[in-house]
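Each in structure tokens, the structures are laid out below.
Same chain, two partners: chain A is paired with chain B first, then with chain C.
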Partner chain A sequence: MGTIGPAVSQAAVMIAGLDPQLVRIVALSLGVSLSAVLIATLVGMPIGASIAVARFPGRQATIVLLNALLGLPAVGVGLLVYLLLSRAGPLGEFGILFTPAAMVVAQAILVAPIIAAFSRQAVEDAWREYREQLDSLGAGPFQAALTLLWDCRFSLLTTVLAGFGRAVAEVGTVMIVGGNIDGVTRVMTTAIALETSKGDLPLALGLGIILMGLVLALNATAHAVTEFAKRHYG
Partner chain B sequence: MRAPTSLLPLRLENVRFEAGGRRIIDGISLEIGHGGRTVILGPNGAGKSVLLRLCHGLLAPSAGRVTWNLQQPSNGRHRQAMVFQRPVMLRRSALANVAYGLKLAGIGAREDHARASKALAAVGLEHLAGRSARVLSGGEQQRVALARAWALEPEVLFLDEPTANLDPAATREVEAAIAAIGDAGTKIIMVTHDLGEAKRLADEIIFIHEGRVLERAGAERFFSAPTSREAAVFINGELL
Partner chain C sequence: MNAIRRLLICSVLLAACGAGMPSAAQEEFIVVASTTSTQNSGLFGYMLPKFTAKTGIQVRVVAQGTGQALATGRRGDADVVFVHDELAEAKFIKGGFGVGRKDVMYNDFVLIGPKGDPAQVAGGKDIVAALKKVHAVKAPFVSRGDKSGTNAAELRLWKVAGIDPVTGRGAWYRETGSGMGPSLNTASAMDAYIFSDRGTWLNFKNRGDLTVLVEGDGRLFNQYGVMLVNPAKHPHVKRDLGQAFIDWLVSDEGQKTIASYKVGGEPLFFPNANGG
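Moving on, here comes the complex of A and B:
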């Protein structure tokens, strides 16, 4: 018990004083995960929306697969991306293993299915409701897709927030493909794991507090967005 | 020779529609022309809504043909409009919902706004123009849907049980809007199973049962002296 009290107050001092090491790690975390979510959104959202409105053979199997990818184990994705990016791997020539770029790729792969699966659900529900009306008004497929995406904007936003939450809080993939190199690829989660095992509790605790606060804030925002949408837009 | 300028008459030639092995529309031939309000009446499950969708082009017949006097498949859609039993409101303001239909019909953005406002005013909702459409009451939403259809100035307006989910006060307002649209020159073709509504709105009744037209007559004649046994039973309020 004796070490925890001082560690917490030291952690508080680090956060309040914007300790440079802490700030650097948090900034890298946010940069990597925001980039990953941006890519995952650009890839996953159109895929999800297309599956929602298109009818093709194997559609049900695709949906099952997509939903299964939601539970993709982070370390599995890490290993896969590691093998792809390693010197001997098919994408080894880019030489991005153990760089932030590799972490962005790995997190994007982890998050894209989440965004695709939730977008599919939201857009499909709206499509079921709107289909005849849009048809009646003479909307073409492209026009209908734009209308659906815009009408689902709030649920899509919460989907992106959920994706960001998953990306920023996961440790398995970034540990494997980033390597947790101090000052280069050390993000909040890998730093917490390392500092805890080293016994450097203040930094681990400081980062832990920030990470938990961030996840809490994300969920609060998602909740607020949903409530706002329900109240103002129905 | 002058090219025809009217969509009507609408012709159905021996139209059949089957779904899931069931024959829902069983060989209907009809011609619906200008003038008056036509009500397609019948008990639940008669195939009324399917018939309306076949007319509007939302469904394709399994056999037979649905044709309009005017052949213009590409831009003909907005000369007919449809209002559904449950109004489909987009997640935007009432005015934007009305303007959306105009935008799809390719009417210029500046004109959109004026026409949409006018249509909303015509159904008595100008004071709710800026409100989110989906938080309006059921009756208000249905009137927004009517305004959205009306703004297109369609030649034909299809209505599928537009008051089925509404209370009496809202029903009265929606029916008044439908009558006004008809009086302004739009051909009204409406489906209902509600006898009172049919009596209030219809000039002409097409009575259908089990996917067939059993009787077609002026509303007064239909209600006072139906010729088919099924229509007589239905008018008496008995179950078919």
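Moving on, here comes the complex of A and C:
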């Protein structure tokens, strides 16, 4: 208990004072993770929807593989992206290792399977229900996938939020590919790891509380927007 | 199709935001691979703003163990390497990965342990005798186990003591495989002995029941060195900017800055670029 009291007051002081360093770290966390989730969504959703409506040999194996990728080890992805982006690696000439761009790439790889797997499930369930209707309207698989994605948009939002949750809470990959550089690639989770390693547990926990609050605020916003949309356009 | 267009517009906007992110640091910068001990001790936070103010060069520090920092340099992912393991540094230079190594500063290692001191080593100066005592009573000992400079120094001293804790280890010898800070957290929770650099220890807050038990042995000397990653091997290395940083570190001004960094009135590092 000796740590939790000071941690809460530490968090309150940092938020109340809008500590500029904290603001920068929070902004970077949000920027990196939102970009990563956006990319993952643009890639993952079409893949998930296509697997849902298409019939091809090896489809079952693909689904198993996709679901297994949900357990993609974050540190493994970090190491892989590190080796790709390293100067000695195949994409080294871009020189984006230890920059926010590298963190976006790594998190996008981590999150894309989540989005793809859950959209596959959602779209497939809807496909079972509306298949005949869509067939009778003469919709091709592409058209059908798009229609169903739009139809599932509210449940897919939860998928995107789950992806964001994984991205913003993750520390292993961004530590490796970002390097936790002060003012450049330091995000909430790596800052927490750093303060923990300095033994400043109240500050570390305080940052953790702020991160939790941030995720909560974002989810509340998403929920409110969804409810509003359902009422007016649903 | 409207939804897709909206999505595309969103993505372009976000990508623009993303592209804007690194631009917070439009000025020239170098990447320095260094050690957790220099970062956790707070030295960089104190020293780098002075260098940047003078030269306009931003220094991006990636803090890793010495072994990992040298690997980062070897792959060409840093411009400058600033570490503390002279044997590993010599190998790095010999392999042609780094050039122009210079001594910068030193501090020392200390043996830390619980105030209860089950191995009865407190107040001694002989680090090797102390390690033997810890081994004799099988008191819990936390090791970094991460090929860092501190880890290498610790293992060399065990060797001098004629003990091989890694292969012959019992439950008393615990390798955390992590940085100095996390290892200190582990030792603090276990009331274990631990070998640490003094800088990290002085800046460490979660001490619990731990305290410095053995210090002042000549064999606890901890030299820091800086070198440029070889531009002949990695042409993208920012030779001039990196060299400017190295030159500043060993200049009068840089050395005075290092000497003036204190925590609780105690200096953490002692400059010795000129044979100090």
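Rule of thumb we're sticking to: the second predicted complex is superposed on the first by the 200 of 234 C-alpha atoms of A that agree within 3 Å, B and C clash if a C-alpha of one lies under 4 Å from a C-alpha of the other, contacts with A are read in each partner's own complex, and residues count from 1 in each chain.
As a convention for this text, a contact is a pair of C-beta atoms (placed from the backbone, for glycine too) under 8 Å apart; a residue touches a chain by one contact, two chains touch by 3 or more.
In this text, all values refer to a predicted model and were calculated from it rather than measured experimentally.
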Who wins on chain A residues touched, chain B or chain C? C
Contact-wise, after the overlay, does A:Ala101 reach chain B, chain C, both or neither (first, second, both, neither)? second
With both complexes superposed on chain A, which partner does A:Leu137 reach: first (chain B), second (chain C), both or neither? first
Just chain B (first), just chain C (second), both, or neither: which does A:Leu201 touch? second
With both complexes overlaid on chain A, does A:Tyr233 touch chain B (first), chain C (second), both or neither? first
Applying the touch criterion given at the start, work out whether A:Leu42 contacts chain B, chain C, both or neither, answering first, second, both or neither. second
A:Phe56 contacts which: chain B (first), chain C (second), both, neither? neither
Touching both chain B and chain C, residues of chain A: 150, 153
Chain A-facing residues of chain C, complex: 3-4, 7, 10-11, 14-15, 17-18, 21-22, 24-25, 31, 36, 39-40, 44-45, 60-63, 74-77, 179-182, 184-185, 188, 203-207, 234, 236
Which stretch or stretches of chain A touch chain B in the complex? 129-130, 132-133, 135-139, 143, 147, 150-151, 153-154, 229, 231-234
With touch defined as at the start, can you tell me which chain A residues reach chain C in the complex? 24, 28, 31-32, 34-35, 38-39, 42, 86-89, 92, 95, 97-101, 104, 146, 150, 153, 179-184, 194, 196-201
In the complex formed with chain A, which residues of chain B make contact? 53, 56, 58, 77-78, 81-82, 84, 88-92, 100-101, 104-105, 132-135, 148
